[in-house]
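Okay, so chain A shows up in both of these, paired with chain B first and chain C after.
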Partner chain A sequence: MMLIRRGRGSGVAAPSGKKLGWSFWLCIGWLTVVILGAIFANLLPLPDPTAALGAPQNLGPSIHHLLGTDKIGQDVLSQIVFGSRVSLAVGFGATAIGLVIGGGLGLVSGFVGGWIDAFLNSVSLIFLSFPGIILAIALVTFAGHKLGVIVVALGIVATPLVFRLVRTSAQSFAQREFVAAARALGASGIRIVFREILPNVATTLVAYLFMAVGIMIFVEAALSFIGVSVPPPTPTWGVSIDQAVSDLQSNSILWIWPSLALFFTILSLNVAGDAIRKFFGVKESFL
Partner chain B sequence: MKRFVLTRLAALVPISLIVSFFTFLLTHLLPGNPVDVICGTGCTAAGHAQLAHQMGLDRPILTQYWLYLDHVAHGNLGKSYLDGETVAHALGQQVPATLELVLASQILAVLVALPLAIFSALRPGARFDRVSAQVSYGFFSLPAMVLGVFLVEVFAIKIHGFPATGYTALTANPIQNLHDMVLPVITFGVGSVAIYYRILRSDLVATFQEDYITMARAKGLPTRYIVLRHGLRPSLLNFVTLAAQSIGFQLSGAFIIEFLFQIPGLAYGMINAIGSSDYLRVQGTVLVITISFVVLNLAADVLNAFLDPRIRRQGAAA
Partner chain C sequence: MAGSGTAHLIGAGALLTVEHLVVEFPAGPGRRVKAVSDVSFDVAPGETLGLVGESGCGKSTTGRAVIQLIRPTSGSVRFQGKELTGLRGKKLREVRRGIQMIFQDPISSLNPRRQVREIVAEPLAIWSDEGGEERQRKVREIFDAVGLDYEGAGSRRPHEFSGGQCQRISIARALMVNPQLLICDEPVSALDVSVQAQILNLLRDMKSRFRLTMIFIAHDLAVVKNISDRVAVMYLGKMCEVSPVEELYMRPAHPYTAALLASIPEPDPNVPPVATENLLGGELPSPIDPPSGCRFRTRCPIAQDVCAVHEPEIRQVSDGHFVACHFPRISPMTIGRGAPAATWASPVTG
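For the complex of A and B:
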């Protein structure tokens, strides 16, 4: 028993002496603000994002409307805060689906090998032969423009990517000495997967999950920009940008606010993911 | 080499079959029923059944798939129920615009990314490398619509230098075509520069640490010769594969750009077809783009084998 426990620790890269750096904490700070804003949007002193409320149209920033109003008198800040809900739900929801299904199967596939591995790997390659955006658009178009459908559709896009990442990582750890030692001590396959391999794979995974959430938020914004996401009047960042673009002549700064929210959120996820990757000493590779 | 290419080409058959089956299933298994849409609001049960029969939707699913395959093999992707135009004809009209956008922007991206990556990789960790790594992260995180709208705002609305939207076919008026495509191509290209730069840089850094590079240096060969003759070739291997794979991700950029600049390409056509529930056009576009993506990846593998003799032998043995 003792030996197994000690073996588990030996595979994890020791992060001693390294720091995550101020940029990492800045990014985490921004993400915290966005997430808290999305959760507590109803409690914030914001006007209803979908109600025109008789407010003047195309108003500049003021104390009543911090980022002004759009062409039908809706509050821009409120639209962005409420719009973050869709982005975050899709980003984290789709990644969670990818993590549970793709990660679980990848772990099994990488550890067990044999025909199960060959079969699952072929299935993942088939899914990967569809460009992600096409798969997402096709599923949403034919299954309906609902939040749940979009989360599942992007979850399906994420699953084979997480699968391949976890599988490769699990394969390399399955051949390490501490796994052989656990086997020699008579540990069961399930125990080895959960106690020996999973903790090691997890460090690699955490870094890439941040980026995965960023990519999912990016794809959702693209989908809602081209009108293949949740239907109006639900505000999303992509729709806000699209509406601002259609009115670029009369209000030339409106597009900046949702664009900045989107950009800083994706940037934060990428920078934070990269900082964690370096912190754990995970080798850089493109998915 | 020949055998490797043939094995890879053979693998294309099952993949294409599976991809076409999935595409076929789209219109059949998912909740949105094409018959409902085509039949319209005043649809009777009899009219519904007749239409389903006309479209062959009342036959067994495998029979339907076989008919679909037979039609696709003859270049028949069905007709738009809106105007009766064949899907194949509509797609044929759209391909040139998308092809021009993708080719021009990717060539631009490689031309910018390659020298930047070489310069970074020659002195990894130096100021130039650190700054460009940060900047590339910024551009990597910049959604195409954000950059696109910024360029439109500055160069089309403030300066009136380029048109915000519109497209002239290359064959109709080449000068006007180039003028129209400047902003879209730059928007698309900048996003790709960040991706290509990161792939090439990390690869070149690894290559420059190889023994044969040290050997070449020890022989006193000029840096330019070492970079171009010894460094670039192995690094291009990974680049070719990863660049081809990244096209799948970058396609989302094509959708955003064709939509924003209203370029009548495949993506813009597909968005319109979705808007009007023109299912067969959506299905046809999915099929064409996916098969192109599969073929592109295959081409990348073959090119890889051409560049790296080791892969060639492995492939022939397998």
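For the complex of A and C:
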């Protein structure tokens, strides 16, 4: 009883045999394909996505055009692969901005409390009471249809969301007794934030960030669907869906391909995020 | 009872002196929770002071205010002659090393994301610039001292341990900085009875091995009896009675202490059960709006009109035994401060 033996000795909880599961790896596989495709699109044996009339129009899938061509003869697969660049850049870029600004301020706010917390929290509530997509449309309209502007605009949308998640989580851990113990040991505030609170906030955060990337990709697609994202001829998933929908009469299956790419990417991000949250979830109390 | 005053302080030579400690928390507009109201006590080097009272009486708040985890609203906390209440930043962090605390919830006390050897080594990581090997040797030593196996347990995480083992880890971490004063905030309340005894024994061993002075906070008089030299009883943010441990258990002077002692279950079936009128009825009043005069009067079996008007001062009833009550069960020694009980006996309206 007094001594703990190596292995599953009495009095020691057995390590839980948690696994990430096949669905997680399937999702990671799809995301890897999409990300590698976006990075190495130029090296892939794909026709130029913007080469209009480079091929016969409205072809079905064939060996030369795996997913066929659209009404102006552009290769559909190539459009999707190149279009993923915008989606991923916006998804990861905007989330990164949200993580750095929202996450950093959230940690400070949740740990320090007091008037700093009250102030930052009010600001976040003001941002949240603004419909995010309207804010993004307004910013893009005024500052120009450039990739950088869209990333920043959606980063601003993501920031208060990440802030609130991190703040709440940091607050609850800041009240835990291990933080009081660290204080009693003489740890500085910065040390407590980075050594005691951040590691606990991080696991919830990672899962949430996966979903945030999905949401940002979705919002970018919605923006480009209504024409306020990167201007043509740069291919994006939203524009591809928009064009396919308007051509529904001449080519009834074209909309499926970019939609599926969007669907599987967002689904993969959500499932992977959820699996990570479960995997790192630590059983904390069994007294 | 439940009064103020400093007659019971041992004075010079105390390791820790707490005087007129007040801790209040805001509780909505214009309302304040008076968690600790004018509490004074001191602890001699090497002594163990038990701090007892119901849940919500302010004993844990007092413990945390001593180490400045909660900033006192007013009052003084002097440790080794140094005033702690005004200290900030690095100075406070350095002084705190001399005082360590063990908490009630053994699981919550340990960061679930870190390996226990990392947790125990944390004080060294903060304060010492010794190399890894020296550090590891010290961690091994302390693991040994608290009865944990470094090889088998070191790389595990807190959730893999039982509550008692987690408490051992907490004790190991606290002892790493060689504190003079250890504040134990209900360290065994969350544990099984069989494990409680082991942890109490461990604390006793550690106390003599590391020459610790302890403040042992508990709501259970039976637990405190075994480990304390002196006991201080608190009620609703006030000090009721301070006494050497045997004296307190043999001759409680305060009606509250007497009620607490009467509520300890008697395992011997031949001992007749305590008459119910001696047991405590009712609930603890709200610390936002505490009763006037003596705070215990609303539940006191012997309260009189005077108790609603005048707050009793703490005074001596026998050697080292102090009580804050207008009508103590032992008549006060006239050498103590404050008037004898008789002078309050005239009825007072209000």
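A few comments on the model shown:
Rule of thumb we're sticking to: the second predicted complex is superposed on the first by the 264 of 287 C-alpha atoms of A that agree within 3 Å, B and C clash if a C-alpha of one lies under 4 Å from a C-alpha of the other, contacts with A are read in each partner's own complex, and residues count from 1 in each chain.
In the analysis below, a contact is a pair of C-beta atoms (placed from the backbone, for glycine too) under 8 Å apart; a residue touches a chain by one contact, two chains touch by 3 or more.
Not measured: the values here are computed from a predicted model.
In the superposed model, A:Arg191 lies in contact with chain C only, and not with chain B. Look at A:Trp255: by the touch rule set out above, it reaches chain B but stays clear of chain C. Of the two partner chains placed by superposition, only chain C is touched by A:Ala180; chain B is not. When the two structures are aligned on the shared chain, A:Asn200 is found in touch with chain C, with no touch to chain B. Residue overlap on chain A between the chain B contacts of one complex and the chain C contacts of the other covers 284, 286.
Interface residues of chain A facing chain B in the complex, by the touch rule stated above, are 126, 128-134, 137-139, 141-144, 214-215, 218-219, 221-222, 225-228, 238, 241-242, 244-245, 248-249, 252, 255, 259, 262-263, 266-267, 270-271, 274, 284, 286. Chain B meets chain A in the complex at residues 15, 18-19, 22-23, 26-27, 30-32, 137-138, 140-146, 149-150, 152-153, 157, 164, 195, 198-199, 202, 242, 245-249, 251-253, 255-256, 259-260, 270-271, 274-275, 279, 282, 286, 289-290, 293-294, 297. Note for the complex: chain C touches chain A at residues 64, 67, 69, 93-94, 96-97, 99-101, 103-114, 122-123, 126-127, 147-149, 151-153, 156-163, 165, 170, 173-174, 176-177, 190, 198. Interface of chain A with chain C (complex): residues 1-7, 9, 11-13, 15, 176-178, 180-188, 191, 195-196, 199-200, 203, 282-287.
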